[in-house]
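Shown below is the structure under consideration.
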């Protein structure tokens, strides 16, 4: 509360604070400050806005811009020095918390064949989405998971995990998605390095896909009491097949096209308590209508090209580009191709919005549901 | 309590009823009968047994015996006369309630190409498991489902449903499984014939498989508030593939081999509130150990041949045979082949046991966990 | 299926079985019987009725009739001989299973001051509702619960429990309610006598009331993973107060007056998985409208007098009388007093109806919602 | 990222980032900044701390200091100008977000007899705890709730609500508790003024207490599908009685004494999805052991006096004082009286910690579980 002005948030609306500064009030406010207190009416209109105004701005990160810098990290630092060689995405409105949007962190990590990171564990929940390369793997609590392009893998809150690339592979780049900023904001973050730096592989490779990845079937001994999905890996091929099948029998959503949510097969809920994920297919020529909702969203273009209009700003994207949609920002997507479909991978804090009872949604009413775009 | 004997259930065990008949007591008992009442101690030991004693007996129904009789039904009655041409399985201990075991009904139904049954709805929950033929279909609440050998389909409590065989198909035989006896016992059975005798197909064929049959993905608009699975059909091919995959990474159960439960993808629960279903794979030469548990079970041999010992009685089975395991009967299975696996489809009232808090399980401790078999 | 008649359930309604006996069919049916099988169309209309027809009949058990017989049991048998001195209520339609209605057992038990029954455990779930006397107590898994008139106590499935009357008390009579017939029908009943015949009291008397009986508060260490309520005792005084309060602010139900369900405070569900309980208050002069629903119900008059019409039959009741309403029987209640309220305690298998998806309800449409009564 | 230093978070621990600045790296970092990106290893150790370090500091707000300032607000501003006359509590570490601790807001509000605030609705969840005065009331979605000292009332997310003091009452002061900072941080805050500025009272006064405040009983028509408790008011008298009863039969917790959580009677969960509340009783002379856990906590002294040691700092408190415990701060409490009990009301974001899977707890191992205190 720098300076002597306390009434900068006044609104002359019934039911809102509208108190003009006076010397007597200023003296009162200063007394309150001495007591680690304040007068609500000086900040009420600030802290109770009529609707959300995100600190994040829409950003598109082009892969053609970032890729070379990601690869340069291999030359510049060793995994031992860096821990992880990652270029992280830094929203101009969220630099202080190193977030890509809202309370979500994201970065592009690179690893060469034969490299393996050290095993660690943290309170943040994480996923990685493979962008290029072969031979990538992740080990989560003793389960080794092999990963190909457009696959994604969970490394949930509290699990021991480590990433690597097989010696027979190629340099791999993937997108990391974590809720590090959220966990820090909640002041609940713990971090541990594995005592042996590497963990043992205690199960057959990709066993959880075999156990939990069946259509409509669960293992008899399906006791899983964790808060996150036991199906650590979600593969691209069956996902794309599922979207194609779903598109065959459904019109999808006017706002999202044909969208499916990745789920925890144990209970049909989100893959982790704090991060949800989805893949959506825009049919050839499809152009969705605009809506907005609470929650922060990071998209990666898994297939095709097109454009999105976010709060009136146009972003052209092509395969491997990443963009974000801040909370309560209008957004609409279109597929630029009239012959091929386009697919957008997305992760978000939607499970948090739902858990906390804070989800709200609104369609754009004007202009046939389409924004007038700039940019 | 006809006759003059009231003390036939006496037990000389502390804590159990042990009252000998006397003329005074007999007079008392008769007075109570006049008041629609009785003395608990005359029946306590009968109605509170030390452990369950099923009224059902283990039965094996050989398909080679039943098949010709099922086919003869086509000549003997029209679908219009019979409603459904079904030979039902009648456990010798459950003739009064037309049950195959416990409170479960089962029968073999036959239908010729081009035939279609009339649509109806009932409080009983039902499933059908295809045994032979091509072109079979079921319509459930406007969703048409095409069915092949070893597929099974749900027609849950309260849904409009009807069965048929396409004109291009062959005569089809399938096994019906219902909880008719249970619903009757609960005095909660309603039945309705569809006002038009046939219902309209209001969705794309097999749409629910496309919508709900994806690995680890749910449709965005996945609002399903019914108590039963939206995935009405469970197909054989992905099921067998799932068992094979699961067997690759798991030792399975000493009592059941490699067993997977069919689940409701919305919540991971059983396919219907009153009937659960599973498919289990016995590896070449596998011989399970004996256990017993509450609940009534009907098996159909989906693949291979072998034998089961049920309460000490041996039953040799081969593909398409059906057998039942009554509540609290020890049972163990073995695969007769040293080179091929064997698969057993099973449906049961296990969800009822769990809902009512009545599930209990016990391994056979003696003789290395194996029964001494007769029969 | 004795004799030669197989077509006694024919109905000439489209969609129903309507096959006349012929010599060829009779021969066929007999062949099927040899194979433990039958033709569905001979029984289909029997086992799939249009709506439930209960085997139970409505019965009113007058306390003035039963009380002397209950007290005589004290003279006729010792607790050691009888196990429990109980006169049980035997519905004329359910004699074979010793049920008062449907699958519910009920009886009146008597115990003298200083007597204590032996401790046992069973799969049946039980409750007792105190009708008269002072000093009654129950011990459940080491928790001793003191009981007064119109209190009721749970002794759930699998708990060690025993009843007694303190030496300083008076002869006590209470109503027992159990699901013994249901558990037997489910073939899931186990019974055990406590190895020491008596169990130790391991907690302060009435501790669970202190821990779980608070308004809107739970203990910090509220870990309770059982399927039944931890609040074993539900006392009359706060129950009557709650109904009075609720009546002050609510019109109640046209069919039930002011009715509250006893709940498991941990999750708001029924007190036990198989038995629910409620207390309802009929305001002075209140006369409810008739409806019917699935489920079997046993009422005890906790206060006042009035009458109920059940399936057209009138039953006049006064305090301590017991009556039953079978499944799908129309019923309506009226309070005979124009100045005092009347209260009906009720227990039922409603949780079973809900768990199994079998609950259905219907208001009487005709005659202003009132039955024309006889009897 | 001010200046040219990027390596200020280095740690020489295997598995942690440890990259020294070089000119080449600095150039690389600046290139990344141009792309709204950064190198993870420059911030990794900052954003992934070994354990939480709260931005909040422990604070004690003495009522004797604040009360006069609160009362002065009545003279300084009208309700119409101020919206609400509230002195809010401003943690020195959380001034930017106007939080008392973590993401929780709290303030002391005053209202004179006959005053009524305008009705509004917001996404924040709120509670108020009455500190002094008579005649206070709150209206929530048409339900009027009368409030006395130490009562607390919910005004959940999305409800229309307004506060007032009856003309016959006295000046009232209460503590407000809200999750405004959390909802703002989540960028999900909406605010609305009631179109009529006042809402109609559409139910009998205190009806929800009559309907949902019964011990172990729910209303028959207990359909409540909201995410928050229908029991809007929790009264002091039955709460204190409940604690006294619980203390009689339980040792309580070594860290919290005799603590009970306010719950949603519908499901036993917290009163609102984002704010939980509890009342704890410290027995005469009781001195708890220290522990720490994630989550932010605000205490008000409802009764008695004593002291708390929070992260090694001693705070002496007496009735009506307020203090906070930041996340992961060790804390222990002691009752200063050897004859009277002391009671602490507390509200917190514990439900958020649990929903997001972020709760963690640790007892102080050293020094017999007691901190060495300063302050």
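Read from first to last, the chains carry the letters A, B, C and D; within each, the first residue is number 1.
Following the convention adopted for this analysis, a contact is a pair of C-beta atoms (placed from the backbone, for glycine too) under 8 Å apart; a residue touches a chain by one contact, two chains touch by 3 or more.
Since we're looking at a predicted model, the values are computed, not measured.
J.: With one step meaning two chains touch, work out the least steps from chain A to chain C.
T.: The distance in steps between these two chains is 2.
J.: Can you name the chains that touch chain C as well as chain D?
T.: For chain C paired with chain D, there are no chains in contact with each.
J.: Roughly how many whole angstrom separate the Cα centroids of chain B and chain C?
T.: The computed centroid separation for chain B versus chain C comes out at 29 Å.
J.: Distance-wise, how many Å sit between the C-alpha centres of chain A and chain B, to the nearest whole number?
T.: Whole-Å distance between the two chain centres: 45.
J.: Using mean CA coordinates as chain centres, what's the gap between chain B and chain D in Å?
T.: Once rounded, the distance between the two centres reads 53 Å.
J.: Could you say which residues in chain A touch two or more other chains, in rising order?
T.: none
J.: Going by the contact rule at the top, pick out the chain C residues touching chain B in the complex.
T.: Residue positions touching the partner: 1, 13-19, 24-25, 28, 31-33, 35-41, 43-44, 46-56, 59, 61, 65-66, 69, 72-73, 76-77, 80-92, 95, 97-98, 102-103, 105, 107, 118, 120, 122-125, 157-158, 180-194, 197, 227-228, 272-274, 294-296, 326-328, 352-353, 355-360.
J.: Per the contact definition, I'd like the list of chain B residues that touch chain A in the complex.
T.: Where chain B meets chain A, its residues are 203-204, 206-207, 209-222, 229, 231, 234-235, 238-239, 241-242, 245-246, 248-250, 252-253, 256, 259-263, 265-268, 278-280.
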